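Letters are used for the chains, namely A, B, C, D, E and F, taken in the order the chains are written, and counting of residues starts over at 1 for each.
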């Protein structure tokens, strides 16, 4: 069976035979850094292309198809153009924060990558409080958005930033509750353990109705947390023209744009890990023959397949629903999602303790 | 690196919305005062597309001035032309052939459908849903194709001339309109499925932008805006013109007075338009499409007024003639101008998001307001 | 009420005004100096007239004088009249109707903008279509703008 | 009687420099830059009147300008590459248009869509408030005639603009070329 | 790889962003004009500064979030052991959430969760 | 309390149902790409057929002998609402030695034209007509001012 674990170990031992431990460390760090950047760039290009194609087909049109075969180089051209656009900063902005904001957003997006297992044995940092780490880091990106909105010295930006601040912190709660209900089931905060616990079936199937409710709440909450329509209050093009990035141009805007898509990927990856077993193939209880057949599909395919399915779900939301009004958005969280997710958590605890799950 | 930032704390934020703003459907400029995110004051600032059509018409002949009115309310260009042609015919006292009248009504209703479809898509786009825009344009393109075949242009048709029509209908017209009716009837349910029944849309539109019937009359609102408040104002019904007294249709009245009522009025009006087209399409009388008129038209001295129902409401044309070949003074009472005046009253105390929803259901066409 | 009945009724109410049957509707004209607001008040509040809907308000420049033209409709009885009010060319002033019919607030601003007629008691009388620093009133017949207006 | 209709004088722009594989065979850095810029024109949401409706039609499913990577319409000039002046520009609007154009970062392009933006169109004579052509306010790269031009005409203008960017010529160079040609 | 990976990723992010911005600065040339640097507000010169004191309602959100988020943090250790502890854990968390929920209801009744 | 919970949950379920019905529609279109109606313009140029009445620009019809039917009567120039057409006449002496009015240049400002068809209606000799050509994009607006009569063209025999 194809496994990344052997590969990484082999590289490690090969490097160790060549040089001292510090150098091995440095070389590995460089490799990881380059791979992370490559993944970033690749995900950015693919997700934007995917979004445009999904939108196009839903809207009965063809979408980008003139730059390269099927328009696959369209997003490359866009990226290149954004890089080559004048990197321009308005006067009267808070220069330090204005420049810092895209970095904050990017660093946050990059840091969340650390504990995510992309395939069997491919994980940058196997941390034992992985879920907790993710919750902690993911709420930093709102600081970047607030910085950008405040520093821009633009009224639209400011309104967009304030909205997005209230929105992200609110939805953080119900997303956290949904994640907690899976933690209750597995009894571990380690992402590896959570995946391992789904070897005989994914939690979404094993966990009965509470798992479904938790999943629905999770997907709604993360849609809001990543500022995606129908919760794109922070941008709200028809209300606030550009929202928090109204005054950003060129590469700095591209970084926000990229970070948005990376964030979508990350939250969907977490969703896939928690509810769909991450890289774990589709296993059914004791059907060993069937499970073996499933094991032949490489684990990274499972991971990316599930993640992209969830990403598609979020895109589907975006191209179907209208935007909520900002007070309705908060009502939805505080009146519906939060109470439901709290009681769902209690229900899940009961299910877990009584062992009613499969 | 860390400069001191001067902040003020008078609490209120004055924001310009427009002239270049995706939700103003053109170049309306609104100066809004915000307290938090609640609108406390709104002041429309017009004129960013004031093209002085009224002055221009004073130097155009009676055949020529009609074309410029297509550019006023370009979404109901046909109805604008219709009003102008009728006022010239009223002055000349020309009888229009039956065939021309029926075709005028047919094309008017198609234009109304096209306009309402565009409104539906654009309104949904304002509220943040992008797909309805594409679905509505799918049907709209069929109408524009029909228009193009018969009238020769897609938007500003200039098909009506004083005395009748510029050309007879295209031989394919009847068949294509019938095909369109079948297509439209099968798709109108999608509109409800995607937007009308949707809980987010309903929440965005219900209890937003309430306009009482008294205010609707006082502000002079017409069309779907007034009918959403329960004020009967359909000129087609109240003062029938052209072939409208030969067809049966209902005036849609909703009593809600909010954005959702206005939305429902337009959706139901589309169905009424279809029914008018269905009644007329098989009964286009034979005959001429044009009455005999002189090459140079001269209206007698006097004042003329013509009211028609465009997609946005009542269009009035007030024409003063001194007996020459050009109008002495012409005034277009545009529906959008009056509808806009109610906006300030409607948005007070609402959020920015509601402003967009209210403007969406007012269905403003800015060149129609500014002329 | 039909047009003939309307003319009779109006003649009763305003013996000083001249009333003729126009192309569509009765036209009632007042000379400048007549009490305009009370006229409107009668037209709006009279139970048999009830002209509650002002659907068109405009002005015509007759070179010697201005004429304000009001088109009124009754949403209850569906009868219409045309109301005319003559204004001097030197001091074109008239009472504002913006508190009677709120639609006229914008219409009056437009007329002020294009004709330069002063509406007494208007809450916000300033230019609406043209820029604040525009010189002249373009819909007046003697308006001339050699830079912007290319004559055909 | 046979009647010959005049053929359009200019060749179709897309067929001038046909490069196999969708135009991605490139040689120098400048070519790469121009390729990226020409294929990623993000328009500013800017429509004043009738032409805006035809611009919306061009965005709609039937004509679909997203095929050119054109659908990322930005509401803020900071992120836009091209202004499509869709409609009449009047004297009150002219400073706003100028300001929007000024606020766009370089490189920036302008398409004047329709008769009004090109020359004042139907409002050229006897009007006191219309700018007689948007090029009195901001420099225009491509002019499209028509009132309004049909969506395909806008797509044609877009391809024309892409050709211009790919050729790497500036407005002045093109103008100079016409002068040489004796036009 | 341990926590070194965090530094690596952070450096990678900085390198990526800074590299992009530097390339942009290096390869492009811009134009200047007096209007370019001014704030964009739909093409109309901006009036007043947006740097104003916010409505107090905005801060209430932050405070309530803070309370809830801290409570959420307390719940993580509980969640890990809940299954092992059994029914007692459920009762404990019900008491915990009940108190939290009362606070939430109070805040809601007071209108603190209304967007200004 | 019970009734509150009941309305609360019916609300939630109805909301979810209405959202799902919307997603069903978009999902249907996503899974049925045959509904795509895009016409790829520059690629379908060969097959693109304009409606025969479509008004793209005014042209003057010339036959194979390079003759047109324009007498230079200026009817179109007068009919045009915004001065799109300028006719410059010259006098030429024909075979019988008679002085005859003929057009020197039929100048057509495409950049001003609004395709209103009034000139076509006004033309007594059907010399001009509307062509469905719509590809008018140019880099310089001076190129849009056209001379409609061809170089060296003459008026057709028998047209008065």
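Following the convention adopted for this analysis, a contact is a pair of C-beta atoms (placed from the backbone, for glycine too) under 8 Å apart; a residue touches a chain by one contact, two chains touch by 3 or more.
Since this is a predicted model, take the numbers as computed values, not measurements.
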- Query: Shared touching chains for chain C and chain F?
  - Reply: B, D
- Note on the structure: If you tally C-beta contacts per chain pair, the winner is A-E
- Measure off the straight-line distance from the CA centroid of chain A to the CA centroid of chain E, and report it in whole Å. 15
- Query: So, what's the distance in Å between the C-alpha centres of chain D and chain B?
  - Reply: 29
- How far is the middle of chain C from the middle of chain E, if each middle is the mean of its Cα atoms, in Å? 58
- Message: Suppose each chain is reduced to the average of its Cα coordinates; what separation in Å results between chain B and chain C?
- Response: 25
- chain B: which residues touch two or more other chains? 5, 13, 15, 19-22, 37, 47, 50, 52, 55, 59-60, 67-68, 131, 133-134, 138, 141, 156, 194, 198, 200, 351
- Query: Of all residues in chain A, which are in touch with two or more distinct other chains?
  - Reply: 58-62, 65, 84-88, 155-156, 237-238, 241, 246-247, 250, 319-321, 326-327
- Note on the structure: Note: chain C residues in touch with at least two other chains are 129-131, 138, 151-152
- Message: Show me, using the given definition of touch, all chain pairs that touch one another.
- Response: A-B, A-D, A-E, A-F, B-C, B-D, B-E, B-F, C-D, D-E, D-F
- Would you tell me which residues of chain F are touching chain B in their complex? 14-15, 18-19, 21-22, 24-26, 37, 51-55, 79, 81, 114-118, 121, 130
- Message: Under the definition above, what is the set of chain B residues touching chain A in their complex?
- Response: 1-3, 5, 13, 15, 21-23, 34, 37, 124-131, 133-135, 138, 194-195, 198, 200-201, 203-204, 351-356
- Quick one: in the complex, what on chain A touches chain D? 52, 56, 59-69, 71, 73-74, 76-78, 80-82, 84-88, 237-238, 241-242, 245-250, 253
- Item | Touching residues on chain A, where the partner in the complex is chain B | 55, 58-61, 94-96, 155-156, 159, 163, 229-230, 232, 236-241, 319-328
- Could you pull out which chain E residues touch chain A in their complex? 1-18, 20-21, 23-25, 27-30, 36-42, 46, 49-51, 54, 58, 61-62, 65, 68-69, 72, 75-76, 79-84, 86-87, 89-90, 93-94, 97, 101, 104, 108, 113-115
